[in-house]
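The next block holds one structure in the form of structure tokens; read it before the comments.
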């Protein structure tokens, strides 16, 4: 693991997610660039002293040479380091599981594409919401035509934790997210808008044509957007709206997707993730539950326990890790990726950064319609 | 009453709403322009034969001359007749309670302004959702500063009943709504978008600066929009999104308003109208209930029964009627309008039509930002 | 109307309910036994001076003799007066619409049976919850076998308004309800337990075999129960639990019915009355909405407006009034009661009082199993 | 681990729960008494051949002698084996983490008490619902007096998976649960009633005085109860109702606890476990969220991720495992149990079995009031 030292929320998440299905063991880490902190964090989670690094480049080099060196690395750093770290490990044939957004600029994101093409190693982006069973179920239903041709997509991801200027009040999580150097072009768009955008794309399979975005930084002094209103036009005529915000009091992680087709509709809400609401036009709305009646194979293969016993965020995240393990193992054995494995790829990551870049570009042009650069 | 003959949903609604608080008696009507239908409908609801008309102009003339002629008229016709009918009655000093949208064109709407200015009679527009007690409560809380300075407004009104081409399948409600001659410029925007827009304005008190709209008619052959995505910029810097749709399967009358300020937030949903969700930033979200603890005078004065016994759509509609009765009586007596009366006005109606016109104009220009013409 | 003077919540409810469908006109009243209060209340709601009474016996006598005397009377007094008032009017051939519980003692309730048998007039009890459209829908589905043979019935009606000793704090509503002289044997059991019991019987059609009840008066000094736990055994083997409480903080009028059969289940909640949750065992749970897809004739005939526009408590109450009007008119015309009319009867009222009596008797015997006396 | 071989739902749950916080490693197992199945299951989850057993007694003996033998054992067998297995391991100083109910008879449960008293090892019962953060929060609030003196406890745990005679249709989970030899005296009461009872006791801290139970086996041929209605009387005067069912269509794992005091109330629902609804009497109901505002230390110490990112069943279960690890480590080091650790004990287990026994005894005596035997 690179990044994710003590106090970083997402490091723990990656560690737990990797443990849940017992497919990974964490044996080496460059958890911080400050040597003492790196050592302290590593010791606290049981990484041996001789596999503890403060320099990720050194870690990549040394682990690649070790007989029992790591096979995969998880990257949990601030955004601007994702690409340089990933390149270093990919170059040495070490599989990469990387947090999102992929990078702080589109140029950089593309640079990784070249590195990845030259490497035998896999690159996986942790758009973890795509790992929720009922999200997989929704994708399967859309693909099966259960709601007909899609007309409207409503996607939103509101949070409230940056309602005040927390980046100036000692909240570490906020500091780098509000800093263009480390976060990149986008604030809320990068941090959560990319998740929302990916989720919409993942479930609907639609391709974006253009978007028009109106971005704001409502908190005085904030440099990056904390609220974004985006209109979407998909290829083929479907339309959408995307809202993401980090200044919406009372909203914790309110990622919600609603898809309306000419035959029916689906609704999913991340804070109640074991339910999927399905309407066939002209019939009563039905509540599908994880592992409950009427659900299919795509959800079942990433479910662990019976319906009614909620699985949550960590299990969804673990599904990305476990799919990654299956994909890595298949590649090691020269086999095709097992059926059902459904991983966010480097291209998803590049598209995510392109989404942020397009939002910023559109907003700067008074919400003009723009296309993604990819 | 003009319009609202047998089979018209909204005629019954107006009649029940006017009865609930016993402030009106229905004694005359031109319920249809087809004489037999007018007579049949009038007889069915107990209007005397000699107060039954098929020509609303004649009704206005005659009732104005009668000693016990009507004091107020309810207009429940298709949109294109609202203005001509209203002018006729206003001209004769008969108060008008008129359905929305005000008219099928902005020019016409403005014409009514002149007529109204010359009349002593009142004009009231039935933006009935503003009559819900918890909407009044929300307005009171915003005005009191309970959520601070508003940053973001999310408003939506999805329905599903026009998912198919019902206007060609004998659904009367749909026929005129899908017909530009009778409905005006807007489809969903006129029918429900105006409600959503008014509700947002009513509760927040914000003034619109500009909007950018992307309108669609998803159903093949449909001439007016059945889905609209609108971005809003309010004077003072607040931003908003408005979505209205009549092709959203599973949505019945899903009018939902969410307002986020720098100190807190409010959420209200028409299908569960007795609850208002209130968050003070940094505290748990609270569920305010109609006539429950923590609610104020504005809601109490339009509530009839204890909390937990739901009041619904008809009671909200009745609140507009009863406020209208209070305002009419005050005017008759030369007194000021009683405190708390809060009625949608002609100006609201003109602004609603201006909203529709602006949506259509913006959409025609590829969702360019436009201002309302008023 | 007898009772229901100024300040009595239920008087207004009856008046609005009787107006909603325009089937009744309120022309006479003995709204209070205190003459000034009776006059003031009557004047306030537009009852003519010469039809205003303070003595209900006199009212019955005089109205029966009047050429245009009332055809029906609504009784909204405290419980102990229901029977004497009803007898007086029934005796004179005036139809009676009476609030529940029927009486303050079983002996009295039975006495009314004799009076009713001798009268040509109808007696209707306002178990208003049975008027909700989705309750009618539930009854229709149970009768149609949609959930199979019933095994378990869970019914509850919690409130919170008597959590403190409000009967000693000037809350009028609480004073008579907490007074055995006026309320009868039961407190919460009489006031809301009878509603819950009736609803369970109305929907399921099951006959009670025995019950075992554990009653409490939690508030110090309170003489009548404010919380009741009751186990039910129905004829045929189904079992049930009933909970009613007036000391449950946060509960307003939380009447909830759940019925489980061997093929499926139904759930309905009074505070969200336009929804009915239906499960066919082995399929996803469906949300039926009033006037939405999948609902039948029983609900449709008592619905006024489209699905998604909530009807509430007053409309449900009005359905009882309107069904009463239809039944009265049929009787006046010597015709059978129109299809679909479904009114709580005197026998339901007697059974309700028997239910209260049985609860009290069982509880006094340490929750022994007892049968209803009827 | 003993029991929990391939196909047993609860074995996987224990394994994941033990992994989530990285406090346990699974190195030995007697996963089945059938040697081939034991080996196959062990191999599948990575247990070494020489630590694989089919005889748990042998496992206890050998592991106790091994230098690096297991320090703790998880028991996931059918109920009747819990006690014999636990005794064997406790006898040898190996800590025991055991599934519930503790045993299939009260006599046996007590026998374990003696064994435990002689052992230095810990015994932990996995009443996992007590591990949910918001359950801990509820307990803390009750203890702090936030809802005042408790009057009423409503607890229920309905499921639907045994609505049909699945025990005769090849559903393994159902087979032993419906078999008195393996399950014990109680069916639903033992399987889920014990959870419900424990949860009520855990949160409220109340002591049971007496109960009256009405048990049924609704499915023809079923020998053990599949539905139980229980009235509760707590020491000090509080009352309660408990319902558990395995024949309630549409209910998955509907464990719900509601506690009403003289100052307020709490409500928690297992299928939406990150929320706790709190009412202070006379104020609006508040929704507390895990790691959200207004929550305390007891919940925070067992939470992993920010509010709004749901934690679920497995994390709640993991909290029991991690608390167990903390308690075991403290005992190994001769230190007191760390503050906040809150584990279900052997006494809880005995009380659970006593609860089942009392339900059966009461029901056999026509729901007479009985006390628990302990």
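A, B, C and D are the chain letters, set down in written order, and residue numbers restart from 1 in every chain.
Criterion: a contact is a pair of C-beta atoms (placed from the backbone, for glycine too) under 8 Å apart; a residue touches a chain by one contact, two chains touch by 3 or more.
It should be emphasised that the depicted structure is a prediction, and the values quoted were computed from it without experimental measurement.
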{"item": "Chain pair with the higher count of C-beta pairs in contact (B-D, C-D)", "value": "C-D"}
{"item": "Where subunit A and subunit D are represented by their mean Cα positions, the distance between them in whole Å", "value": "35"}
{"item": "Distance from the mean Cα position of subunit D to that of subunit B, given in whole angstrom", "value": "55"}
{"item": "Approximate Å spacing (C-alpha centroids) for the pair subunit C, subunit D", "value": "42"}
{"item": "Residues within subunit C bordering two or more other chains", "value": "251, 285, 289, 292"}
{"item": "Touch-based graph of the chains, sorted into line, ring, star, complete or other", "value": "complete"}
{"item": "Residue numbers on subunit C that touch subunit A, as the complex places them", "value": "278, 282-289, 292-294"}
{"item": "Interfacial residue positions of subunit B with respect to subunit C in the complex", "value": "9, 12-13, 15-16, 19-22, 45-46, 159, 161, 251-254, 270-274, 289, 292, 304-315"}
{"item": "Contacting residues of subunit A [partner subunit B, same complex]", "value": "147, 151-152, 154, 156, 160, 163-164, 212, 214, 216, 218, 227, 229, 231, 233, 237, 239-241, 243, 245, 247-251, 258, 260-265, 267, 277, 279-281, 285, 366-367, 369"}
